[in-house]
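After the structure tokens below, expect a handful of questions from me.
Labels run A, B, C, D, E and F following the written order; every chain starts at residue 1.
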Amino acid sequence: MSKFETLVDMRNGTQQKSVFYDRDIYELELERIFARCWLFLTHESAIPNFGDFVTTKMGEDEVIVARQKDGSIKAFINSCQHRGTQVCPAEAGNAKGFVCSYHGWSYGIDGKLENMPFEKELYKCKVDKSKHGLVQARVESYHGFVYGCFDDDAPSLEDYLGEMKWYLDVWMDATGGVELIGPPSRSILNCNWKTPTENFAGDAYHVGWTHAAGLKVMPGPLSVLSGNAVLPPTGAGLQVTTRHGHGVGILYDAGPALMSDMIEEIFAWQARKKPVIEKKLGALRARFYGSHLNSSIFPNNSFLWGTNTFKMWAPRGPGQIEAFTWAIVEKDMPADLKEGITRVMHRTFGTAGMFEADDSDNMETMTHVNRGFVTRKGKMNSQMGLGGDRVDPDLPGVVGDSAIGETSYRGYYRFYQEILNAKTWDDVRANNADWFVPLLGEQTAEEARKAAAA
Amino acid sequence: MSKFETLVDMRNGTQQKSVFYDRDIYELELERIFARCWLFLTHESAIPNFGDFVTTKMGEDEVIVARQKDGSIKAFINSCQHRGTQVCPAEAGNAKGFVCSYHGWSYGIDGKLENMPFEKELYKCKVDKSKHGLVQARVESYHGFVYGCFDDDAPSLEDYLGEMKWYLDVWMDATGGVELIGPPSRSILNCNWKTPTENFAGDAYHVGWTHAAGLKVMPGPLSVLSGNAVLPPTGAGLQVTTRHGHGVGILYDAGPALMSDMIEEIFAWQARKKPVIEKKLGALRARFYGSHLNSSIFPNNSFLWGTNTFKMWAPRGPGQIEAFTWAIVEKDMPADLKEGITRVMHRTFGTAGMFEADDSDNMETMTHVNRGFVTRKGKMNSQMGLGGDRVDPDLPGVVGDSAIGETSYRGYYRFYQEILNAKTWDDVRANNADWFVPLLGEQTAEEARKAAAA
Amino acid sequence: MSKFETLVDMRNGTQQKSVFYDRDIYELELERIFARCWLFLTHESAIPNFGDFVTTKMGEDEVIVARQKDGSIKAFINSCQHRGTQVCPAEAGNAKGFVCSYHGWSYGIDGKLENMPFEKELYKCKVDKSKHGLVQARVESYHGFVYGCFDDDAPSLEDYLGEMKWYLDVWMDATGGVELIGPPSRSILNCNWKTPTENFAGDAYHVGWTHAAGLKVMPGPLSVLSGNAVLPPTGAGLQVTTRHGHGVGILYDAGPALMSDMIEEIFAWQARKKPVIEKKLGALRARFYGSHLNSSIFPNNSFLWGTNTFKMWAPRGPGQIEAFTWAIVEKDMPADLKEGITRVMHRTFGTAGMFEADDSDNMETMTHVNRGFVTRKGKMNSQMGLGGDRVDPDLPGVVGDSAIGETSYRGYYRFYQEILNAKTWDDVRANNADWFVPLLGEQTAEEARKAAAA
Amino acid sequence: MTEVTTPAPSPVRASESLRSEVEAFLYLEARLLSTAQERLWYTQMLHPEIRYRVCSRQLRSSKSKRYDQPNEVFHFDDDINALDKRVDQIESGIQWRSDPPETLMYIVSNVEAFEDEQGGDVRVYSNVIMIRDRRVYESDQYHYRREDVMRRGDDGALRLLERNVVYGQRMVQGKNLLFFL
Amino acid sequence: MTEVTTPAPSPVRASESLRSEVEAFLYLEARLLSTAQERLWYTQMLHPEIRYRVCSRQLRSSKSKRYDQPNEVFHFDDDINALDKRVDQIESGIQWRSDPPETLMYIVSNVEAFEDEQGGDVRVYSNVIMIRDRRVYESDQYHYRREDVMRRGDDGALRLLERNVVYGQRMVQGKNLLFFL
Amino acid sequence: MTEVTTPAPSPVRASESLRSEVEAFLYLEARLLSTAQERLWYTQMLHPEIRYRVCSRQLRSSKSKRYDQPNEVFHFDDDINALDKRVDQIESGIQWRSDPPETLMYIVSNVEAFEDEQGGDVRVYSNVIMIRDRRVYESDQYHYRREDVMRRGDDGALRLLERNVVYGQRMVQGKNLLFFL
């Protein structure tokens, strides 16, 4: 058994601290996670027209994401098939294609190799151009959110998102659709890529303490939480984790609580739209619309619905990430509401954000204390609510009945270990029936199975 | 036989140059040296009162060292048992305990987990708080100098110091006690952690040459050494190495020679106190009081008695250290004498020290030339005085009869190899009877054994 | 078969992208390439007199290169045999010897250990000084160009240069001799060391595209190439690769085309000298004199004859180099012509060079895109002209009949793989008869053999 | 957003004495911000109608004009109230990240002043390197260009009416911009 | 090459008003060079007889005098024509490396001015940190000392007659010096 | 030690002409120190009663007042004699580390001057980045704030009476401070 197979104790909700530090683990993550999972690329609204493109990262691979003539979207690696040079240094634009700055090989907007200068005169051995296009990734969209995947064997994006779709649909779809306001802010954080992801997936616990100062000075319905003065009451929220490690936490009715001078305007907007959503989805899910959702899509994509921030955490070695931040707005909002949300979102969760910076020290130190040999031999704990997780007929995924708990941590790391262990996606698929057992324990799982059978 | 077992030729006094460069060797050092030996933490005088604490490094592990209610001292790793965040960002202070900035778990001044916010409401599975305290190190003191050790199997601090105590007692104890003046200066040096340690352990040879300029312009009894103009005469000093690699070099009667405008005042102070010490310890050891002692306690703690500098060299990878520097003063000195010593000590051996910076280039280049593949295949030499080392009935340890020699280099690296090879401290203990054999050679060692038996 | 044996597909002209990124490959390169091949050190003209020396790099090893009393040149590692300190911090000078700044061991200008301070008084065990000289490299010169080699088993420099000598002789010798104008400029480039070397060895293809802007604004005979507006006509040039990976590309009659305001003066100088060279070497080779030659001597030494730039690319890990740049001038040129060439050479290919900087982005991105896990699984292509390479009775080496092609890339990486695989130079020598087979393919090679036999 | 640090439409260079006054203003501002006197800065140096913006631009080809998505992201886009909250946060006593306190140092240089068309306002260019030391090991360096507009209050003293920071480093390497630039 | 930033033989410190004028000149130059106005800089600020040099010195022992090879390498040694070509290259529209455009920021400091023996010329010392941001991830910092000579044109305006840059960092860590220092 | 770079009790801003004089003083000092003229600096710019101090502060929680150990360490705490020895060492000719010679470059900025209560003294704030190039590969950057006091000598020229450097970077990353700050 390799030393990588026991990084996570799925049943007891603990993880080796070395997962934030060890370079060998990181290399395995690149291979088994980032080269195999669906990774966020862009929102379709950033590349509406034929020839529009953005460049971004898939793990540490640089990719171009481009709108095709037929309206589809392709993604391909930003490295020339000749000697490897980057073919596009811009972050975004509209192009007919990409010309390599070294020898001028040119690629179409679909990444296919179109021209090699003086090909006829100089290439005696015919180079098969059809085999020298830029390396393609699979691309699929969900409600305009575009993801890419390097593994042909991976499930479809929809299957990969799985139970999460039921929660995403509320704001991505039932609202009439959303879009991301770019360009993203981009900044370094000296932390492991999993530290913000686990936090967004399932950490309502830190809000009152980490963000004590921000909560205190930004007046709003959550100010009372500052310094853990009070606990959200029972029934205030919910946590969910899913098949492929995605997690979501819900704080009911708290939607735009951190949106500062935009709170009232947003509440008013939501109040007007809520009836429409309720008609579409029923009361249970419509309540999510006005709630605050924190969430991560495995492996490195997070969002806050309510605070309207959308994040991608690109890894740069085990101890550093690049954070990408966009604002989420509803498509049918008036321009000044979109602008206001964007302005306030950056003020709270952007690079100069009053809440964002509170988190930095935590994430950086929890990464770098593990330089210590004895330190990194220790374990991390995510046992809050352990034993209380369950399957609910009305709520997809495994559910924790509390606004605050670590259900999503456990679910995130369960899948993390599963996919690290898997030689191929078939190994993952083999667990489809019983994936939740380690989270629930045999007994609860048995009940869950029975309930499902019934 | 692993490639790590032949880094040192104990008998011939040579070492592989790669010990200053190789990352694999460094990782082994963290495991077998820094996680097993006694490491300097602080002087008790820095944390006199209940609740006083300092933070420091044990190898690359960050630790908190705190005075307990009962006057004892505890040390524990500065990383939360929840998700790993650093719990104390200050270097020193007085605290009731430590509250993690992430979720607010709070630990007592003894490192025990005291409170998890909303524990009762949120933790269904009871987390056993008694098992989630900060990771403790053993802590023991010698004359107020506090050391920590991560290995339960290690000998006591007193046993670990061994023969060194006989030398340390002179200035640490017979003087009426000393203390360190902090806060320490802290600075980077781009060298392997063993380069300053070996130097302080046993390098009187470099003084005249490396410090030629400083000696020349700082008037005092040692100025004549500048540029190797003269050699200290026979009988001018002594070198000693000990069971666990600690070494000391003595230059008789040269005590405060480098202390610049404080020389006279210190000589006068020592002259007044010397009779007391002679009464306590006899003439032989009392002479040490007015002498200059250079020394390292294995693995990374050094001092100069006379120049009154106390050092800890914290490793930061194979090619970098953080140097901590304190001034040593006698407790019963008047305030202005303490202040003067501190001022002059920093002027000579502090971060802006006129002698300290002379050493930097040597230590940095002897580390980094080993980037060269052919360079680092070579060996280093520490054969000066080889063949002359002996055991002396009056002087604990293995002794070299000269102010200048490399006895302590050989002893330092002998133990370095021994503990790198040892699977546990039992492997070390098994050599207790014969540890000095490689240093003396069989024949001399045999005589030593006989003498000891007699 | 180790994973390092299939980095290059010699027959098909492709290479793994990981050769620019992987640290294990890099470590093997240090051992099997830089510790075994002839590496450029200096031109003799930089150290004309007894005691003159320069310091430079051989791979990552720092060396001193010094003129001896008998006029010969020695090279030795710049690391003291005592504790390893660098013994010479200057880049150049005239010295009687080198005194280590740590303890003052002193070495002669020949690297031999001459003096250890107080040796007689302090060293009981006699240290054999004759065995503690600085580690020597072999040194040989070719027309004043001095190379060093750490492997006693390697062929002589002349054998190592092999067929290249026939091309080098034209400008190094038949001109009456050349010299390098120093000191070199020195600068970082964040690229793998092979990226500029492969480029100089055989990349005429990039000139029109990469250097479009420079060509456009620097008036001269090559301006027409800007932006690939035209292709040099058939017969405009030639490419050659050789036994040990060295390559050269020739663009006929284009000599000083990039030399800006010096073009006319240089053309006039060459016109005057050409008859002499033609008399010595015949018309075929004399034409090389007024031509532009781009070339690399394996592993990391390049030059442009015509643009008169001479380069050494010292590796600093897999992703960084230090570029050394000298100007090449003919010894018998008048001082102001030498000065003008030097001035203009730095303006084009120096650290602030208008052409040099064009190349940087290509070389840096082709290195660092390989941080991407999927990216670096790909291959690089150097198939241009594959199938057309041949052996020519009049031209040493394997020849490609075109000014533009990738013959030299293929030859460079063929030898790269060969020497990486070789346990000793004997393994290389065993291929001497058939080395060109992978480049030509069996059939063409068979013809080549027959022709050679005839 | 105005193209920062390009000359204003009718650039009338201010007198040296006005430029000196402006420079002194910026030095004082830097000193207040680096000695935990943010409230004093807020009260005495800001104009109540201040617009405080910090902008990064997405990297685009200078030739591609067909792509029409916005290319600016505003890390700050604050009015006087938003700045008030930022100062409040610093003063809250429960901002864990600023205890032990951080140490800032500003190098303010290349101060140029121009008369603005709008009578009395001063348009000011400056370049800044700011280094933030915090914890034992963190030193982050920031650099940026500023275009400010200053207006005199009733008391005749200059106040900051507009701050426009062009943050040229596309990926912020200092991990956050939670300080006053 | 003149020993840069050591006092001229008869150093007569210029009046503060001349020094201010010179400082403003250097600030304007920096702004033009960092806002893609190199051509304006070339046309309006350079003297037609300009000599523009950037020099690195080989590290030598200060005691060794027997070695007589040259110790200076000139990264720039340009006259007005060579500078013209450099500006041309930037403006060519086909210099791939400068698209997306780079962002430069100069910190020009320690400006001292002296009257030169040659009537009317001004000898100017300054110290510079320049940071070049390009692509998403590259920020290279350069630092150097300058000794300039300025001369008034017929219109009375100062123009740059000599720039001598001492580049003290022996191995240039910012990978190239392809910008105006 | 005085809290550096916070306003003096009765801060009367010096006239611009005095401030310019002070700035010129600091520029000259920087130039002497970076061109191997330390002795000239010592002789002509220092006041015989100078107190020259460089201080690091231990990081403490701003709330914890119960801990009463000293929190300052002085890297320099020199009088005129100690400074003399430091200059001697540089000039000794046997300081191996300074051969080949180092190259220093100071960016002195944010110079503010105040009249001190003690008649005639000038209290001066400045911010500094200093970069030291040495050997082929070493470039170390330092940054710090200074609070100086200057006093006029009998000849009317300013001399440095007090230098107080607050060194904000707790762990000195440039490996030593063996230069004049």
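Keep in mind that, in the parts below, a residue touches a chain if its C-beta (ideal position, glycine included) is under 8 Å from a C-beta of that chain, and two chains touch if they have at least 3 such contacts.
Since the model is a prediction, treat every value here as computed from it, not as a measurement.
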{"item": "Each chain counted as touching subunit A and subunit E at once", "value": "C, D"}
{"item": "Chains contacting each of subunit B and subunit F, listed by label", "value": "C, D"}
{"item": "Chain copies touching (subunit D, subunit E) - same or different residues, decided at half shared", "value": "different"}
{"item": "Chain pair equivalent in interface to B-F, over half of contacts matched, among A-E, B-D or C-E", "value": "C-E"}
{"item": "Chain centre separation (subunit E, subunit F; CA means) in Å", "value": "28"}
{"item": "Whole-Å separation of chain centres (CA-atom averages), subunit B against subunit C", "value": "48"}
{"item": "Multi-partner residues of subunit C (each touching 2 or more other chains)", "value": "89-91, 101, 186, 210, 361"}
{"item": "Where subunit D touches two or more other chains at once, by residue number", "value": "59-61, 96-97, 99-100, 107, 109, 129, 135-136, 170-171, 173"}
{"item": "Pairs of chains satisfying the touch condition", "value": "A-B, A-C, A-D, A-E, B-C, B-D, B-F, C-E, C-F, D-E, D-F, E-F"}
{"item": "List of subunit C residues in touch with subunit E within their complex", "value": "46, 49, 51-52, 89-95, 181-190, 210, 212-214, 216-218, 226-227, 260-261, 322, 342-343, 346-347, 350-354, 356-358, 360-361, 364"}
{"item": "Residues of subunit F defined as touching subunit D within the complex", "value": "3, 5-6, 13, 16, 19, 59-63, 107, 109-112, 125, 127, 129, 143-145, 166, 168-171, 173"}
{"item": "Subunit C partner contacts - residues on subunit A that touch it in the complex", "value": "30-31, 34-35, 58-62, 77-86, 89, 101-104, 117-118, 121-125, 127, 132, 135, 150"}
{"item": "Touch list for subunit E against partner subunit D, complex", "value": "17, 20, 24, 27-28, 30-31, 34-35, 37, 93, 99-101, 103, 105-109, 129, 131, 133, 135-137, 139"}
{"item": "List of subunit C residues in touch with subunit A within their complex", "value": "17, 20, 198, 203, 205-206, 208-210, 228, 231, 361-362, 365-366, 369-375, 378, 380-388, 402, 404-405"}
